[in-house]
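For reference, the structures are reproduced in the following blocks.
Paired with chain B in one complex and with chain C in the other, chain A is shared by the two complexes that follow.
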Partner chain A sequence: MNLRKYLIVYKKFLHTSLASELEYKTNILIDLITAILSLLGSIFLLSIFFQNNGYIGGWKFEQALIIQSIYTILNGITNTWFNPNLTEIVKHIREGTLDYVLLKPIDSQFFISLKKINPSGFLEIMLGFLLSFFCISINQINLNFSFLTLSLITIICSICILYSLWFFISTTTIWFVKTWNAIEVLRSFLYIGRFPLNSFSFSLRIFFSVFIPIAFITTIPSEVFLGISQLWKILLEIIVATVFLITSRKFWLFALRFYSSASS
Partner chain B sequence: MRSNLINRKILTLLKVQYSNMLEYRVEIALWAISGIIPFFMLNIWTNNNLNESINISDVMLSRYFLCAFFVRQFSVVWVVFSFEEDSLMGKVSPYLIQPLNPFFRYFAQHLAEQITRFPFALIIAFFFFIFNQESIWIPNLGILILSIVSTFLSFMIQFLMQSIIACLCFWTEKASSIERLLFIPTLFLSGLLAPVVSFPTYVKSWIYLTPFPYLIDFPANLLSGNETNISGGLSMQVLWIFLLFPLFKKIWSEGTKKYTAMGS
Partner chain C sequence: MVQNIIDVRNLSKSFDISSKEPSLKGTIKHFLRRQTKSLTVIKDISFEIKEGEIVGFLGANGAGKTTILKMLCGLIYPSEGSILVSGHLPFRRKENFLKNITLIMGQKQQLIWDLPPIESFYLNASIYDLDKFEAKKRIKKLSEMLEIDKELFIPVRKLSLGQRMKSELLAALIHEPNILFLDEPTLGLDINAQRNLRKFLQKYNKETNATICLTSHYMKDITSLCKRVICVHEGAISYDGKLDQLLKKLCPVKEILIVCRSEDDAIKLENCGFTVKTKIKNEITIKIENNSISSSLKTILNNFDIVDLFINEPPIDEVIGKVLIKKDYEI
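Right after this comes the complex of A and B.
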């Protein structure tokens, strides 16, 4: 009953934001070209790394392409949902319109996380899937049921971690008002997710698994893709994702207690 | 008399923008942090011994990436985003009435931001040297001045390119997506992520005809003491400015003719 209400509301969200975004049709085309060029650019960069080396951090070029494809899918999801919505939080808090959100008889986190959608990110997601199909064929991965479930689970976990990271930073807006730049810092760190974690030095590897869990976001799903991941890593990823989701939820409820609307 | 007036205008603009930027020092510090991608790239290069194949020692490569970081810090341009916001909000109309091209205002804004950013960039460089003590070096005064000049020229090229795109706001509402498109070749071909020397020959054959390697690769090579053609690089930078400036003037005068203020 409750779930159905949220589904209906989400349908309305989709409808309104798609309608407003499709006003800028050329923009979507330009965004598509940007996504293609940016993927080509990173493959170019990767090919520079591999031009005289067979392996980087124990990964072959064909295997490293899987990381690129997963990164592209996740980046597309970020651009479709996280980026447009969570930058909106900053606006809500600065202009005091968060009051209206809180007054609605609907969960506030649901509202601000899913209100908007940016359709040009879909194209990037499709691009990522195309690349991953290509990788599956060049790496001769055989598709079976357990492979599909495991990769689906790990990718969903990555999405949860990514969402929590974005939501976490956006929530701090309640205290700091302008966190636009903190998001920019997060973005530049996430860029590292395009490369296998083993290619970094030990200290950076620790940093990127503990403080900003980029290891969990792209490397573990890619290992699952290749069938070289151990079970404990997958379990760890599930645990990390759950912890992140719960903490981000708790943090949002905690932060709301400190929210005083614009003029008070 | 006339030059005195211009001097006063420039000074006032700079003073106003500098005090404005000082208000946002935390944000600027975060901006500076978000530019540390070159250091991660350096880590991939040296950790996998990729630099052996391009005949650059670890020390020279770390100096290169540090300089690339510095050049990027002082050539970041965001004029298109400011102009787009101003033109959507209708703030351009009062600017147009003033006997001063509004782009001078943005130019002063950028310069003031660079001055504010300088200490943060120094702090980051300080930490870099703590971790890489062997790469400390002192460039001689002549090279230092030349590289400051070439960094400024690189900033000018990017400022002109973005101003040309910003002028497209007179025709389309969202010019920033075109800027995001142009940012992709800037990111991958300028030498921010990998020095241009390491590029494969089929790219190197044409890349020096484009403005991109002169944005970061050339000034960074100059400052870090890596091999580069000083007079050739500087003259290409000046050439690009001479090419772009008339184009900007043309598109500006066409655009202002096309401009219709809000509500007309």
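Right after this comes the complex of A and C.
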């Protein structure tokens, strides 16, 4: 793979999708306001849960805010990259415009995963980081190299898991054509990621760890933030992320063999 | 000797198609227990195409023309048989192969809707490894050929269908491919836009010696661009050969309307041994075989006082229409 070429193409993707989005100023403004209100609403909801009892699943409100900050960062990434691109896969397959993607001398997964960006998601990412810095301060977390490295690794792994799950579901469109509902279910499961895994019953914890690994996505990075994570959990997240990423890639290549293109 | 650039041997393609009965009962049955059956849409076809040839694929809707094009460019895996395009197995979609071909579909677009077409051109240029200087040079050349230099900076959504189609062509040709697959490129265009597009394709073929495979329901596209046609009927090839031979075979005679100076001249002409279709006063319509048109006209012009003369070509759509509903057409 020619990395330089891919960087140049990605620069063009950024340029064209930013230019496309900036054509509609009001839409961007509404998206920005929605992102701020959504974060404030989530924090308010979280504070209500903690009002009667200071702890949920062994987590204090200040600690749970870390999960909220990681969720906000991930949701921002979802809105910036995954939502505009991966939901388009369904459209590409239904309308047959995937033909144009497949006939380009560039990796089709790269093309359909990164062609568009939604700039309003950037604000959510920034708000997430601001909230996490606030959490670091109120939880008196010691910022050091190993903390930053482990945090970064676990957040990247979370992004990979989330992307792979979404991409996997979108790929099934090649057979099932319409998969909007499955993606909506995935998005609604993601909301669960705003709460500590320990706040759920044992069976739900197993479900959200094994079948739909939402737990890995927010809880493990948050535990790393608080210095309470065990090494095996971090290693497990890395393994899960790698397996998911490879599987989604293989699944895409396998599915393309069944692509029959839309009729003209 | 001109080499074959496309070689297709015993190609077949089957799809699993589900069918649904009407009514609510049929819908529920279709939802609960979907019944699919294998449908062979391409049946054991073989043909070759030489470098620089322009070949028209003719066929009724659903005959399999687009499926053939999509297999040739590697979008669909064949069920049986082999395809070699420019020495490559298309469905592997290797980079060198993809840089050599392009697909243009009249009913689908790849341009970015909200931006001027030039943005899509530069994006495609980067995908095809063209530097900015080379891309600029090619955009200038192609936009002049297509006469869209003024539209390059207007958002795609504001362009007319004809201007959009020309921009689609430019986006698809920026990497200067050797093989063009065109699926109904003039669909929905007005007469002038159709003519301009045909002129451009002729020029492009002449200048670059590119091979063009074209499907179209507009006979004018086929007659003005293609010397050779492949007729597809229910997934099988019913005719593969020169277009003019096909037309000669299908219409062995031409109708000639002759306006004589007087009605007496028309009567004399009527009794001269020609096959007369109609005669109204001094106007007479006769049928003459294609191979004796020049000699017959010479005789008529030398021996009769003729005021005017019209040679009526039969409507090409009607003629080709006959081929599309026939299984085999032997020439």
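As a working rule, the second predicted complex is superposed on the first by the 262 of 264 C-alpha atoms of A that agree within 3 Å, B and C clash if a C-alpha of one lies under 4 Å from a C-alpha of the other, contacts with A are read in each partner's own complex, and residues count from 1 in each chain.
Following the convention adopted for this analysis, contacts are C-beta pairs under 8 Å (C-beta built on N, C-alpha and C of every residue); 3 or more make two chains touch, one makes a residue touch a chain.
The model shown is predicted, which means the values in this text are computed figures rather than measured ones.
Peer 1: With both complexes superposed on chain A, which partner does A:119 reach: first (chain B), second (chain C), both or neither?
Peer 2: neither
Peer 1: Residues of chain A touched by chain B versus by chain C: which partner has the larger set?
Peer 2: If we count touched residues of chain A for both partners, the winner is B.
Peer 1: Could you say whether A:56 touches chain B, chain C, both of them, or neither, answering first, second, both or neither?
Peer 2: first
Peer 1: For A:184, using the defined touch cut-off, is the partner it touches chain B, chain C, both, or neither? Pick first, second, both or neither.
Peer 2: first
Peer 1: Pick one for A:44: touches chain B only (first), chain C only (second), both, or neither.
Peer 2: A:44: touches chain B, not chain C.
Peer 1: After lining up the shared chain so the two structures overlap, which partner does A:84 touch, if you call chain B first and chain C second: first, second, both or neither?
Peer 2: neither
Peer 1: After lining up the shared chain so the two structures overlap, which partner does A:30 touch, if you call chain B first and chain C second: first, second, both or neither?
Peer 2: first
Peer 1: For A:16 in the superposed arrangement: first (chain B), second (chain C), both or neither?
Peer 2: The answer is second: A:16 touches chain C but not chain B.
Peer 1: Just chain B (first), just chain C (second), both, or neither: which does A:199 touch?
Peer 2: The answer is first: A:199 touches chain B but not chain C.
Peer 1: Would you mind listing the overlap between the chain B footprint and the chain C footprint on chain A?
Peer 2: 24.
Peer 1: What part of chain A is in contact with chain C in the complex they form?
Peer 2: 5, 8-9, 11-13, 15-16, 19-20, 23-24, 95-97, 99-100, 102-106, 257, 259-261, 263-264
Peer 1: Flag every residue of chain C that touches chain A in the complex, lowest number first.
Peer 2: Listed in rising order, the residues are 15, 66, 70, 73-77, 93, 95, 98-99, 101-103, 105, 107-110, 112-115, 119-120, 122-124, 126-129, 155, 183-184.
Peer 1: Sort out for me which residues of chain A touch chain B in the complex.
Peer 2: My answer: residues 24, 26-27, 30-31, 33-34, 37-38, 41-42, 44-45, 47-49, 51-53, 56-57, 178, 180-182, 184-185, 187-188, 191-192, 195, 199-201, 204.
Peer 1: Which residues of chain B touch chain A once you look at their complex with the stated criterion?
Peer 2: 27, 30-31, 33-37, 40, 43-44, 47-50, 52-53, 172-174, 177-178, 180-181, 184-185, 187-188, 193-194, 198-200, 203
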